[in-house]
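See the structures that follow.
Next come two complexes built around chain A: one with chain B, the other with chain C.
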Partner chain A sequence: MVDTAALAPAIRWANSKALEILLQGDPVLIDVLPAKDLIPELKEHTILHAGPPIEWDRMCGPMRGAVAGVAVFEGWARDLDEAGVQASKGCFDFHPNHHFSAVGPMTGLTTCSQPLLVVENRATGNRAYCTVNEGLGKVMRFGGNDESVRDRLAWIRDSLGPALGSALQCCGGIPLRPLVARGLTMGDEMHQRNVACSSLLLRELAPALASVVADHGDLSEMLAFMGSNDQFFLNIAMAMGKSIMDPVRNIEQSTVVTAMTRNGTDFGIRISGLGDEWFTAPVEMPAGLYFPGFSAADANPDMGDSTIVETIGLGGFAMAAAPAVAGFVGAGSVAEAAGITARMREITLGEHPEWTIVSENYQGVPTGIDIRLVVETGIVPTINTGIAHREPGIGQVGAGVVKAPMACFEKALRALGERLGIS
Partner chain B sequence: MSVTVNIVRAGVFLDSVVLMQISRELTAIQGVEDAALMMATPANWDILSDAGLLEEDTMAGPGDLLVAVRAQDRAIADSTLQRAAELMERPAQQNSTPRELRPLTLRSACRQLPDANLALISVPGDFAGAEARKALRAGLNVMIFSDNVALAEEISLKREARDLGLVVMGPDCGTAIIDGVPLAFANVVPRGDIAIVGASGTGMQEVSCLIAHAGEGISHAIGVGGRDLTEAVGAISTLTVLDWLERDVATHHIVLISKPPAPSVVDQITEFIRRSSKSYTVCLVGSDNLALPDNAKLTTTLKDAAATAVTNSKGLEALPAVQRAPVAGSYVRGLYSGGTLAAEAQVVFLSHGQPVLSNAPVPGAGLFTSERTNHIMIDLGDDRFTRGRPHPMIDPAVRDEPICAALSDPDVGAVLLDVVIGFGAHADPAGHLAGLLDRHGRSGSVVIASVTGTDEDPQVRARQVSVLERAGVVVAPSNADAAELALACLNVG
Partner chain C sequence: MRLMRSTVVSNQNDSPAIGRVCAELLQSRPRVINLGLAVFATDLDAQDVDVVHVDWRPPAGGDEDLARLLSMLAD
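Up next is the complex of A and B:
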């Protein structure tokens, strides 16, 4: 028999430790390097994907499309059809990004030759990785896989990635904590909206880039690519989130969520007190707005590792900082956005001391999701997200807002209860 | 043959979410095949091209806003472009100021109001205990409005509260006035030096209002829950509250209202009073069998409780002279929304030697089953009547049917009613009753009522009284007086 009353202070202590590590996170973007140099396990025919573990036969359309595209891109298959046959024959080794200190948006595929952003958490010394953002529309993360998609990936691999790496080494890295703080005051929430942070980043990066890229034409092309991509910062925010949350893992008895992620089929969460175990439930459909020519009938269910930004208190949790994003599901009023952030405060343990929201009198974003509060209040995390076409090869069709499924949190709480001897 | 039309608004920027919202609205127009507003960036250009929304000769740059419509005919396309222009120029909605963000949990409520020291809990009874425990552990006193809280849970909560130096008011605590702030069902009464502690909501309301009518006021009115003075609970909350009031400089006299308490707790209460420096009125509705120290007076009606608490010369309002009405029936039918008011009426009848039946009988009264040829006092607020229905204080219509039945009953000479107003109560119970009596028409019986409330209440007592009097109801100054009047009408008092 367990003394449940005696457990409460132990859980409180574990969670305060978790929150302390979370809030002390000091992420710095330090480099861009080929994935195979950063993740030794990433051999040929190994594919890391978004979300909790999944095999080919359960993958959704856009993830299958991206798998075929990346296999051709890596030279493992001659064309998309052959790649599909190989995948169905089990020729590829699939693993979640999360198992290798990495994250990826939407389909989130990571393979050996892609360059990865490297974010180092200077408070704890660990590093986390994410691919470079490809831009909007028909791109691999949304399941796009045609030649234009593969050509862009090749240019990122051969030109942009190495240049960014050199530039970051040249300038000594870019601290992300203050950059995100500024972005929040400028209307970004770092998931759906990265306009300010992308611009701030480019402003810091441009001088170093100019000093390492000799050819003016190449430099111009790189600056134009980053400058025209409002979501360029998303992947950096994700690596940042991963670098902040990884050290929060494995604190005995802690009920804090350390990862939320989706593979287009399942939604999975991890909690600190239960280490690397995934608690999954079917993903939900986002509600949102669609690009011309598309509607909700075309939408794939929720997908991507990008929910790591909600896990650290940005994205849907910081909606009050980016009221326009609330327009994807409602009228987009300031009050609606504030209401969403207020609801997230009901399920979180703390507030970030530097990531503040101007319209809320500089109150910090709510952070440190406690599964006990989620289950007790019935309030699940609100997630801002892009929407992929359900068929392979098409790409992004819209953007919106989605809820994390309650079942994940209930399963995790039950498992923790069993672990602690409460039945 | 469909028509595609583009308009370029050079140098105009609008947020992409706003543009997508407008696009969705345009797409919903009858006859529109597709429509989009986008900044003409290269990426968006591709999307518009794939969607078949570009005219061949359209020219626009990344800083320009492109409005594109594909419609069944030119007229629809033109009107859609017109609509797009209207939507882009629509002023911001006026009601976009942030509404008050109400906390959804005790945890965030405490953050918003860190100095709060009391939580009022009104959730289904099965969950009230858990919420109350959370509140206690957050250092808050607790008022449990919820009913259907298990006795064992009540005992456990009250013991925990006692250990923490806190109090649990309730469960089923419907009335409180803390430092002048009314909670749940309560009346607007002046501040004064009389405190009321009670296991009964309507009893505390009646006493506080009668004190107010007499020109005095209330320091606090604190409910402790109907079971607090039972042996099982052991008066934990009552003793805690009495201890607080002992030290409260604003309180000079304390009125304790209860059903007859368990013998084991009587000693504790009387011992406390004996040591106390303050004066007391102990109102045990239905029992006069209790020895009290010199600083306490025992009463059996709420009216007497108020009268003994008031020290000024004005006293309570006198009973009006009764004009004996010719009534046909021989019995009184009391139909009450307040349980303690029904009990007080029984006490009045018993004091005149009149036998009385009730669904909630006081000592000496009989249990009502189906016998109609008796004086009968029904507590319509009893759980049996309110399950799945609103309480008659909130919705007076639940009393309509029994009132009509009583008025049509040839054995009934007088119908006795309570009308409770104040916060939480129906907006116009007298108006409702007047309407019912008007529809029902005159009958041989007289209707007698009292109004528990003050002129400062939202319903205004004087207005309620005059509405009742215009409807032919005899209105007494107190509930006990109403019972006396009923007996006088029948000429049996």
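Up next is the complex of A and C:
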């Protein structure tokens, strides 16, 4: 017989523990290393992807395009057509990034030779990984796969990645908690606006980069690449989010969300009290603004592991800190941006003590999503997102806002009820 | 907005007092708290009526099973 009177206090204790671990997270960007050196399971023909588990036959267009591109990039196929045939014959092993302490934006593909950013959570000792941001325009994370995309990936693998790794070792790593705190006061929300954090990072990294890259031409190219990419910090913020949330997993009876992610077909969440089980539902279409020449008819459903930043209280949860992004993603006025953050406070258990919002009298960003509050209030997480073209090989066509599907949270709540013997 | 659940207790001895309150309500300018659908508040506001809107909806969207589950798991 279940003692239902004891459940609420037990959940309260479990959630306070989860929130404590989350808020104490102390992420430091320490290195950039080849994926195969960080993830031993990442062998030839193994591809990690964004979102919950999915196989080739259910993958969306841009995900398939990126798979074909990365297979050619890794030398597993001579061209995109051959790569597609191989994929359809089951020649590749697909697994979620999340199963290997990793995350990836949009299609989020991670393969053995790609360099990965390494973020260490100094409070808990765990590490998390993410690929280096490729820049804007036609890129693999949005399904781009032509020669220019693959050449850029090769340059990141052979030049930029090793240089970044050496520079980070040279400077002893870059603490991210204070950097993000400063970025929030400068108008970033760390999902669709990373202008401030990318600039702050470059300012810290440039001297070390200059000391480890001997060739001035190479150094100039690297600084120009990072300096011209407003979203360079996004991938770092994602690895940071993963390093903060992984230690929150597996706290018995906790109702705190530890991961939200999407693969362009399904949206999936995990909650602390139910370990590594995924709760999925069909992913929704973003509502947003489109680049000239594109419209909603071109858009792919929502995609990417980048929702890890919302999971820790940034992105859409910190919309009030970034009024400029509200216009960019079509979310409306400054007042509406503040309203989105206010609604996220209704479904979260606490506020970050250092990541504060100036326009809200230095109130902390809302963090620690509780599935009970989501289901009770009917308020689902709001996510800022890029929008990929639904066809392979084209790339980004816009940016917008999307809602997490309520069904994920309802399924998780029912499953927790079953685990606790009260369903 | 999250609301605390409350209980209303009626008492027949209060009938004269309730009558006075009702009379006052009918004779004075209305002041309205609107729960749920915002359109009612919008219409009242357009008629220059004092109105406060509360963004409320039934717990779990009215799903009885989920609401029962929530009641056992909630603080």
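Quick note on the criterion: the second predicted complex is superposed on the first by the 417 of 423 C-alpha atoms of A that agree within 3 Å, B and C clash if a C-alpha of one lies under 4 Å from a C-alpha of the other, contacts with A are read in each partner's own complex, and residues count from 1 in each chain.
Simple rule for what comes next: a residue touches a chain if its C-beta (ideal position, glycine included) is under 8 Å from a C-beta of that chain, and two chains touch if they have at least 3 such contacts.
The structure presented is a predicted model; accordingly, all values stated were derived computationally and were not measured.
**Student:** Sticking to the clash and touch definitions up top, decide whether chain B and chain C on chain A clash or fit.
**Tutor:** Clash: chain B and chain C overlap once superposed on chain A.
**Student:** Contact-wise, after the overlay, does A:R372 reach chain B, chain C, both or neither (first, second, both, neither)?
**Tutor:** The second partner, chain C, only.
**Student:** Does the superposition put A:G417 against chain B (first), chain C (second), both, or neither?
**Tutor:** Touch status of A:G417: second partner only.
**Student:** After the superposition on A, what does A:P53 contact: first (chain B), second (chain C), both or neither?
**Tutor:** Neither partner.
**Student:** State whether A:E346 touches chain B only (first), chain C only (second), both chains, or neither.
**Tutor:** Both partners, chain B and chain C.
**Student:** Tell me which partner A:P175 touches in the superposition: chain B (first), chain C (second), both or neither.
**Tutor:** The answer is neither, since A:P175 touches no partner chain.
**Student:** Name the contact category of A:T255: first (chain B only), second (chain C only), both, or neither.
**Tutor:** Only chain C; A:T255 stays clear of chain B.
**Student:** Regarding the shared-chain residue A:G61, is it in contact with chain B (first), chain C (second), both, or neither?
**Tutor:** After superposing on A, A:G61 lies clear of both chain B and chain C.
**Student:** Which partner does A:L289 contact after superposing on A: first (chain B), second (chain C), both, neither?
**Tutor:** first
**Student:** For A:P34, is the partner it touches chain B (first), chain C (second), both, or none of the two (neither)?
**Tutor:** Neither partner.
**Student:** Counting contacts the way the document defines them, which residues of chain A are shared by the two interfaces, the one with chain B and the one with chain C?
**Tutor:** 346, 373, 376-377
**Student:** Going by the contact rule at the top, pick out the chain B residues touching chain A in the complex.
**Tutor:** For chain B paired with chain A, touching residues are 15, 17-18, 20-21, 23-24, 34-36, 38, 41-43, 46-48, 50-53, 62, 68, 93, 95-99, 101, 103-105, 107-108.
**Student:** Using the touch rule from the top, collect the residues of chain A that touch chain B in their complex.
**Tutor:** 135-138, 228, 289-293, 324-325, 327-328, 331-335, 338-339, 342-343, 345-346, 373, 376-377, 379, 398-399
**Student:** Could you please specify the touching residues of chain C with respect to chain A in the complex?
**Tutor:** Touch list, chain C to chain A: 1-2, 57, 59-61, 63, 66, 69-70, 72-75.
**Student:** Could you please specify the touching residues of chain A with respect to chain C in the complex?
**Tutor:** 4, 7-8, 11-12, 255, 346, 372-373, 375-378, 406, 410, 413-414, 416-417, 420, 422-423
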